[in-house]
């Protein structure tokens, strides 16, 4: 059982980026100061989250109840291991993205940079809020804030394409929010509480099969849209109209990972493995996740636009995580969680690369990238690392999480899931290797006069690429992601036997 | 429009009847608290008499009976009487319009009620009469500024 | 005797109201409405509500009718129905 | 002394304000506005005192003239009425602050009557809220309605027609109410609400009581513009002057809803309304229809004020839904939504007023991003109001929906839940349509800018109330649990 | 059955009057006619109240020394006083409505709804 103590740190971690929004708005005329705030906030936020790590590893959760927000339900933050795990990923990658963003928006001389940075800061607050939510209502509040705050980023370019992408995004995410409200209301009606409980809030609730299935489907719809589970995924490729750092952080980390984080919360902390198995909910989840993995990989094969291909790849990989939850074994759950971290570092690397290419040579389509590896060797090297990782090739970190997932599938004897994992690995290779091949081996002179992108952009790329490898070799390096994941899995599956 | 009617008979009859209506209206106001009638009916009768004059002798000529500009202020004055009494009783520590608490010494509570109601009825009568005439005037004037 | 009077008044009530709504000249309609109000006042007296009848006679038959007529003089008596 | 006179002080101050405004205003016009503002502010202070008093010490009963109920006229300040009074007056104060510039610009020469009549309107509202007997309630209902008709009629060219229609329909509503009260009176022999409530339970199955209740409910449904009796509302709100619609829209229909609450749950027994009589289900059904109809119609509108008017029809549906569900959570949701919607709709109509004053129209197709550049604060407030209308947490709009959804689950009423949730998506459609225009549609020079009015931010006296309402939504949202547990819970009638 | 109807015949007349008033308000095209309908409608409600208070074998509610203070000898006066107020409200409504009518006439030069709708466009 997690031991709790009161601490302001979770609240501060959420508030710090919200607090700088007015400062960003006020200093809109002085870009250096404005970006200074962003960087300072990202570093401070990461520091705050990092300071929670030792306690989380010691199974102690810093928690704070801010105020009562509905009778009997408080707006409460709790830095339990899962929360710290997700917050670490999000806030850590925000640091890189901040630097990268500055290079990107200045490189392209983007308009409305103040709005961009302000929205970004709000998004991060919401993401950390989601991570630390102690109950479903708090989760929902931050979830909706994230929806709204991301909208200005999606439509940032203000082109017709971006606006229609924004509409699509809103339709999907607002609907999801609304469905989630219904799910919450129902849960409250059944249980009289909305707190996250390791092993399942609804554990022991006696309701008919139909009710439980409906409720689960509502939850799945609610969090599944952000998690990109098919058929609720189609906003994600459309939202690639956004600037690349947005795609990188929000559509590789913050927004979609909030979705899968939500799935983990729902499976592990609302329904719990016992209920999932008893009512056969894991099969539903498994079907959705497996289908999504395969379909998304196939769709990714057909995309020529680099960012859209990455988006489909994201859809597929998100479902790895969902699959990890659906398999209902401690090993696969650990693997799924670990994949949140590994996929985040790999995918952000890939998006950073795509952005760097776009800023430098203004190319978005894969078929136009012949020979880019000569002009931008460092960038494309990092890209290769990310691609290898996503295909599950050691020593990049994608391998370790996939290994755990496959082990989990074996543990419960689910050969279908195992097959899906293997096939999708091949498909991953199938849609990434052509890019690498074109970049390095297809001769072309078109990029001769181009050099590497600005150091502000290349440095984050290299660091995240390097991190992908390091985490692949030592999953417990620095942040002890592996220990955290297995701790979380233990807390969820502690009292569960098949 | 100055006259609704050019006929001398109507003018004369209207002028003749109006004072009697007014007298009756006053009677009704003053006896309202122990017989049929009261401030409202009496006030309405007063108003009716003024309207009769307005209609019979025309707008301009009727101004001497009740000036147009007086409508609203007199109406408010009437209402103020009603309020005044209410506030006085409140000031005396009672409820609004608790007549028995009117600050007059050596007067029994029932007498106080009697006179309290009477004064209030007069106030209401004035207010109603003036307001109804004011509505009429507003309608008449509505032609110019509608 | 009492109820016969009441019945007659009630019938007149309906009749005047009906005419007032049917007649094609607005002035006639308004005058008929005045008659209606007067019948109502009589009915009130018959029913024992002396002061209400009194008020209705002054206000309904008197003031209201005058107001209607003034309004008609400032607009129009014509109507399509 | 003040404590026990609190109930009667509010209408007195307002009525006195109305009288003195018109009297002194006709002498010196400049006096009218300060006087009017001062009386509303004073009334608000009294109302807040009254709210505190009732929360700590329970209801205050006031017997006019010292005649005890059920014979005398009674004013009751219980938590529900004190709460309503505070909401009404709080919004009114802000609208009055805002009105100074708008009224002077839109109603040249008629400012004095405007303020006098507006105060009369508030007198009527405060009287309705505190009336302790059914007939006085009717009188105040009519006072406020008359003032409302007058306030609407001074607007744009078609406004008298809209006001006249409203008058006809409103009179039908009020007369129906009175007729219903007549039936109740015949059966119970009393008009005092507390007294009637004691007598009624034994008579609930008598046909005249049922007929009376139906008449009352239909009458009030007209007054609160419950679908499908809302026909008067869109025209009235659209053509009225900005300040009138900002005053009437957030408060007027809510007062009808309040009376409905008072009749159904405090005069009749909640159990009887829910189980014996079919009333609650009918209101529920109509509300659901209203939510969908209002939302869909709002999407189809081309003019901002008209859109807001239809959205009001939908929002009234939420309140009706809370009443119709007839359980404590529904009650909480309905009362909370009265508060939240008063803030949201008041603010939105203030925004519409700002737009009309600065750019001369509020036609949606004429909006573009020059508005945002010219009026950043107004537009930011508008965005916040929109988010609250859609129901994005932590704005206040989310929480009333939350309680209503919980209430729906309590009764296992799936249709209600689906409708509430679907309507927030419809709200999103019509608000984001405007937000998209204001923030993203680039202005073309020479096109769409038919007016030569200077495009700039409104002055402080107009901006401040708008911003206060917008920020208020966040505060109300965050503090909603406090409001619910400290105030609204006290109102829930026994037996609900 | 017939007896039932006969014993309540006043109410049936009042009901007919109410319907007549509503008919005038809703069906008539002319605004003045609508207003007349409204007047009839309002009056019918007032008659309803007064009729509900009236009873045989009782006299007007003014103290008569011959009867004394036994309340059963008098008609209930409360509905009467209420209706006085209702009449005031009624006349105020009509006054306002007429002012609106004149304002409409001055803006559109018609009081007939079909024409009005045409000219409002």
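Brief remarks on what is shown
Lettered A, B, C, D and E in written order, each chain numbered from 1.
Assume contacts are C-beta pairs under 8 Å (C-beta built on N, C-alpha and C of every residue); 3 or more make two chains touch, one makes a residue touch a chain.
Please read these numbers as outputs of a predicted model, since none were measured by experiment.
Contact with chain C and chain D alike is made by B, E.
Common neighbours of chain B and chain D (chains touching each): E.
Farthest chain from chain B, judged by C-alpha centroids: A.
Among the remaining chains, A is positioned farthest from chain E, on the basis of C-alpha centroids.
Chain nearest the geometric middle of the protein is D, using mean C-alpha positions.
By number of C-beta pairs in contact, D-E leads over the other of D-E and B-E. Separation between the centroids of chain A and chain B, computed from CA atoms only, is 78 Å.
Computed from the mean C-alpha positions, the centre of chain A lies at a distance of 70 Å from the centre of chain E.
Separating the CA-averaged centres of chain B and chain C is a span of 24 Å. Spacing of chain A relative to chain D, judged by their CA centroids, is 44 angstrom.
Multi-chain contact residues, meaning those touching two or more other chains, occur in chain E at positions 60, 62, 79, 84, 88, 91-92, 95, 98-99, 101-103, 105, 107. Annotation, chain-chain contacts: A-D, B-C, B-D, B-E, C-E, D-E (touch as defined at the top).
The part of chain E that touches chain B in the complex is made up of residues 60, 62, 84, 88, 91-92, 95, 98-99, 102-103, 105-107. Those residues of chain B whose C-beta lies close enough to touch chain E in the complex are 34-36, 38, 40-41, 128, 132, 135, 138-139, 142-143, 146. By the touch criterion stated above, chain C contacts chain B in their complex at residues 50-51, 54-55, 58-59, 62-63, 66-67, 70-71, 73-74. Interface residues of chain B, counted against chain D in their complex, comprise 72-73, 76, 79-80, 83, 86-87, 90, 93-101. Chain D meets chain A in the complex at residues 387, 390, 392-394, 398-399, 401-403, 405-406, 408-410, 417, 421-422, 424-425, 428, 432, 436, 440, 442, 478-482, 484-485, 489.
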